[in-house]
Amino acid sequence: MSRLQMDLPGLTLKNPIMPASGCFGFGKEYAQFYDLSLLGAIMIKATTAEPRFGNPTPRVAETTSGMLNAIGLQNPGLEKVLENELPWLNQFDVPILANVAGSQVDDYVHVAREISKAPNVHALELNISCPNVKTGGIAFGTIPEVAADLTKRVKEVSEVPVYVKLSPNVSNIVDMAKAVEHAGADGLTMINTLIGMRIDLKTGKPVLSNRTGGLSGPAIKPVAIRMIYEVSQAVSIPIIGMGGVETAEDVLEYFYAGASAVAVGTANFIDPFVCPTIIEELPKLLDDLGIDHISECIGRSWGKDAKTINYSS
Amino acid sequence: MSRLQMDLPGLTLKNPIMPASGCFGFGKEYAQFYDLSLLGAIMIKATTAEPRFGNPTPRVAETTSGMLNAIGLQNPGLEKVLENELPWLNQFDVPILANVAGSQVDDYVHVAREISKAPNVHALELNISCPNVKTGGIAFGTIPEVAADLTKRVKEVSEVPVYVKLSPNVSNIVDMAKAVEHAGADGLTMINTLIGMRIDLKTGKPVLSNRTGGLSGPAIKPVAIRMIYEVSQAVSIPIIGMGGVETAEDVLEYFYAGASAVAVGTANFIDPFVCPTIIEELPKLLDDLGIDHISECIGRSWGKDAKTINYSS
Amino acid sequence: MIKKENMVVVSQRGIAENIFELILEGELVKEIKEPGQFVHLKVSGSTDPLLRRPISIANVDKINNQFTMIYRSEGLGTRVLSSKLPGDLVDVLGPLGNGFPLAATESGETALLVGGGIGVPPLYELSQQLVANGVKVIHVLGFQTSSAVFYQEKFEKLGDTYVATVDGSCGEKGFVTDVIKKQGIIFDTLYSCGPTPMLKALEASYHDRNAYISLEERMGCGIGACFACVCHTAEDPTGFSYKKVCSDGPVFKVGEVVL
Amino acid sequence: MIKKENMVVVSQRGIAENIFELILEGELVKEIKEPGQFVHLKVSGSTDPLLRRPISIANVDKINNQFTMIYRSEGLGTRVLSSKLPGDLVDVLGPLGNGFPLAATESGETALLVGGGIGVPPLYELSQQLVANGVKVIHVLGFQTSSAVFYQEKFEKLGDTYVATVDGSCGEKGFVTDVIKKQGIIFDTLYSCGPTPMLKALEASYHDRNAYISLEERMGCGIGACFACVCHTAEDPTGFSYKKVCSDGPVFKVGEVVL
């Protein structure tokens, strides 16, 4: 067995590297650069029941070592994804995680039921960072009970394992993780973006027309590592980690924190070859560190007495 | 009146720039570099009832465009601060905000009562990011009711206005802000650090001996701007903003978001002259932007219909 | 094909106030197809600035494998770019997007090229190729003020060239649209690149003509994957139909997309 | 007085595997007081790396306003530093901290200088100044392996010099403490800088001697303001009493602080 292979619920990953949802479209653009079968998996762009245009532009802004986006879940809608995008991806030997979004439980359930039937969709990724219009815009991802209920409902209909994507914009990430684990989640993916904002001094207005956006990139990596470190010790389902990953070293830092696979988002925009480059560099890095198989790295940093004391500053 | 002067509860600031708590000690070290009377104010290092040594070293780690610290509130304790530090600072014409910390309500109340009597302490800054030993270590700063109760108790004894320092590690910063406003806070300071972590690949261990630490520096600026933007529109008490401020432009971005003054933390370590440099550059920047008085900048980005929709990514 | 290459700086010089002309050399030049395509630049190995910067291709020298960009040094990224010296490497992703359709103008016809500010550069390569095709070119170039004007003589060598400045400090005072009307310029095809207000003014006057405009939008990936740079299409101005500026554009037929 | 200055790179060269010698020039040199002081460097104008890097002063040339640093290129900051060329500027904060007490050794006495790896550099300036004071110096320098050895001849010119490498590829095989014992070195004062395990071993053997050690700790400010670099004092090993490595140290009398 390859020293990079990882087996996760629903997913046999030839390596634990996959592009993160929303940062890779449905793969077509990156297929110009390399064979997508090289990837461990692909997390496709969020799919909603109906097509969405998303937010007005500008939709991205730069921050120090990070970027903000407020794409607003633009996607062609479930039907077109099933008709065009997934069949096209079928030419590659790579499992797909379908990122499912919505603004009410029924939307999620509908998309999850249908998209989980696609032959190359090996798992769902529930994007619970969107506002729940029914409960007044409070995100599914910030109230454990609401997230758990959604997870349960989606689990009931999904034909493939369900990973829940956690939002970092919460007081207690461990509570969220435990709630969705308890509700039947097969795995976690984390973290989604932190909410942030930039203001243009010349216009006096927020740079993004949506005003706030999701902060991604290297700036957020320490927050992701901390949350994965805490959550991985509190749950027994695997975690796909993400947030600012750019190098093979970053991947191992995620594994050490407790992740079992890693997704690469923003870095694809900076270097379209970043995923295959990381995959190529990982074995050498494992050699340097004297590690046989990457799975040995999972949770290396936990230590014996892994309780953390947040008496910082 | 100077175009930089700002009047806040308890504080007449000749300019709205002050070093952030914990990033300036009690001022002595920076007095080697410039006259501290140049500053708008000084937020001194957190003071606790008893002396604290803090956490074991290493206590700082670098992240991309940020740093983690887990100093652990090292300080000489209330008595010594009253005896040595505050009298020494009295030689400068600069108001002091005394950062008050503790692990139970009574500690806070005791420190607040005593330190607010010092002649040059013009305001308190309640550091509610500390774990509350009574509630099992959950930070005062993550539960609105707990924070409100603490604020009320401190307000009862303080002889000067009380600013509450909000932690960004919460699901809903507006709820926190409203809770402490309702409890009598005279102002807010925000944000404290995000909780983060780094792991050393060679040792396999967290870089910080405390494992997690507080993330500060330019990396967190977009999170701070977003929170201040949201909170400033929901409360009617002034906000002293902080998080990654390095330049005069950053200061105005904070004002545009809704802050009425700005604190500079981590940047002091990179450039000990950063505060006087910003103070010097602000008037020129105001000229460039055609602004008479810096107070005109407060909340410029709010727009007419300032509701934000967090439908990001 | 889109390549990613560390290209070598051949030369860099200031040609107007805060405006730089940068010549890069490398294999990527072989892939450039049309005037109006752009490149996406990573200006430093550091994470700050993090994102690439889109800059148009202003001149192509296939013989020497070189191309020229002209850009304004404004924010962090372009400021760092302007510090590059001959021999330094720049990480270039490109060529990207679809450029101006040369075939839209036949030999002997007249093309009007209208540029505004840092929208002027891609018109230079376009103009040269049109002239090589036997097209008569007329340029109307708008700038803020005289110190911002660049490449005027170069354009003059290719065809009639009118310069307009907002403050009248060089050429005519006013906007490019004023100049076109005042001079009574007659053309078969219109090609334009510049700020959105300028493009909107052109669209208002020439929406029924054979006109092509190049758009600007904030970009993430630059290759069509992130949905940062979309615009609505004209036949479905509030619906789900969209075009991506980076991969469907940046050049569109006038009226194709909503400005 | 502590200064902050953009100092000019006079020269930079590799002197061992991943080890660089960097000479900087500027007014700040006038402020250097003692061997063992250090500087805090910002290696780039970017926010990544964000923090300054502490590096010891290895040699001072007051006549030319120059000083030398010797450092290992390891992480991001030192890697960026190693790319600096003559004429480039480096943002230096310093001189910082308290160095080795020269007065602790009288003329005619013998000083033993024990260095480990990148702890060796500050001993070079110290040795020169001791020799200038009429002190006899003996050096014991420990390195990982032969390719990591530097400045051996320079130290030899100043006094007896023993090199030890962990793998025995240069000098004696083993640790500096082994060498000191094996050679039966007799001394009046001990000065040392190097990794903590080495300092601990020296402390164990020489805690009752006239010995001075230079510590390393992760730093924030470098000037005593942030409390990043504290250590417990020996008379109060678990209490509130502390020393800051940056401003009280980095040199302490052996036994003064808890290693």
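Per-chain residue numbering starts at 1, and chain names A, B, C and D are given in the order in which the chains are listed.
In this section, a residue touches a chain if its C-beta (ideal position, glycine included) is under 8 Å from a C-beta of that chain, and two chains touch if they have at least 3 such contacts.
If you want to know which protein each chain is, UniProt gives these names: A, B = Dihydroorotate dehydrogenase; C, D = Dihydroorotate dehydrogenase B (NAD(+)), electron transfer subunit.
Note that the structure is predicted; figures quoted are calculated from it, not measured.
Student: On the document's contact criterion, could you list the chains that touch chain A and likewise touch chain B?
Tutor: Touching chain A and chain B alike, sorted by label: C, D.
Student: Compare the CA centroid of chain C with every other chain's and tell me the farthest one.
Tutor: Farthest by centroid: D.
Student: Can you work out the whole-Å distance between the CA centroids of chain A and chain C?
Tutor: Using C-alpha averages as centres, the distance is 36 Å.
Student: Mind checking the centre-to-centre distance between chain A and chain D? Centres are C-alpha means, answer in whole Å.
Tutor: Taking the average C-alpha coordinate of chain A and of chain D, the gap between them is 46 Å.
Student: Taking the mean of the CA coordinates per chain, how far is chain C from chain D in Å?
Tutor: 55
Student: Mind pulling the chain C residues that touch 2 or more other chains?
Tutor: 47-48
Student: What are the residues of chain B that contact at least two other chains?
Tutor: Correct list: 22, 63-66, 69, 71, 218.
Student: Across the complex, what residues on chain A touch chain C?
Tutor: Touch list, chain A to chain C: 22-25, 28-30, 32-33, 45, 51-54, 57-67, 69, 71, 74, 76-77, 217-218, 246, 266, 268-273.
Student: Flag every residue of chain B that touches chain C in the complex, lowest number first.
Tutor: Residues of chain B touching chain C: 64-65, 218.
Student: Flag every residue of chain D that touches chain B in the complex, lowest number first.
Tutor: Touching chain B: residues 1-2, 4, 42, 47-52, 93, 217-232, 239-240, 242, 247 of chain D.
Student: For chain D, which residues count as touching chain C in their complex?
Tutor: So the residues of chain D touching chain C come out as 44, 46-48.
Student: Quick check on the complex: what are the chain A residues that touch chain B?
Tutor: Those residues of chain A that touch chain B are 22, 46, 55, 63-66, 68-73, 129-131, 137, 139, 142-143, 169-172, 192-199, 201-202, 204-206, 210-216, 218-223, 225-226, 229, 244, 249, 252-253, 256-257, 289, 300-301, 303, 308-313.
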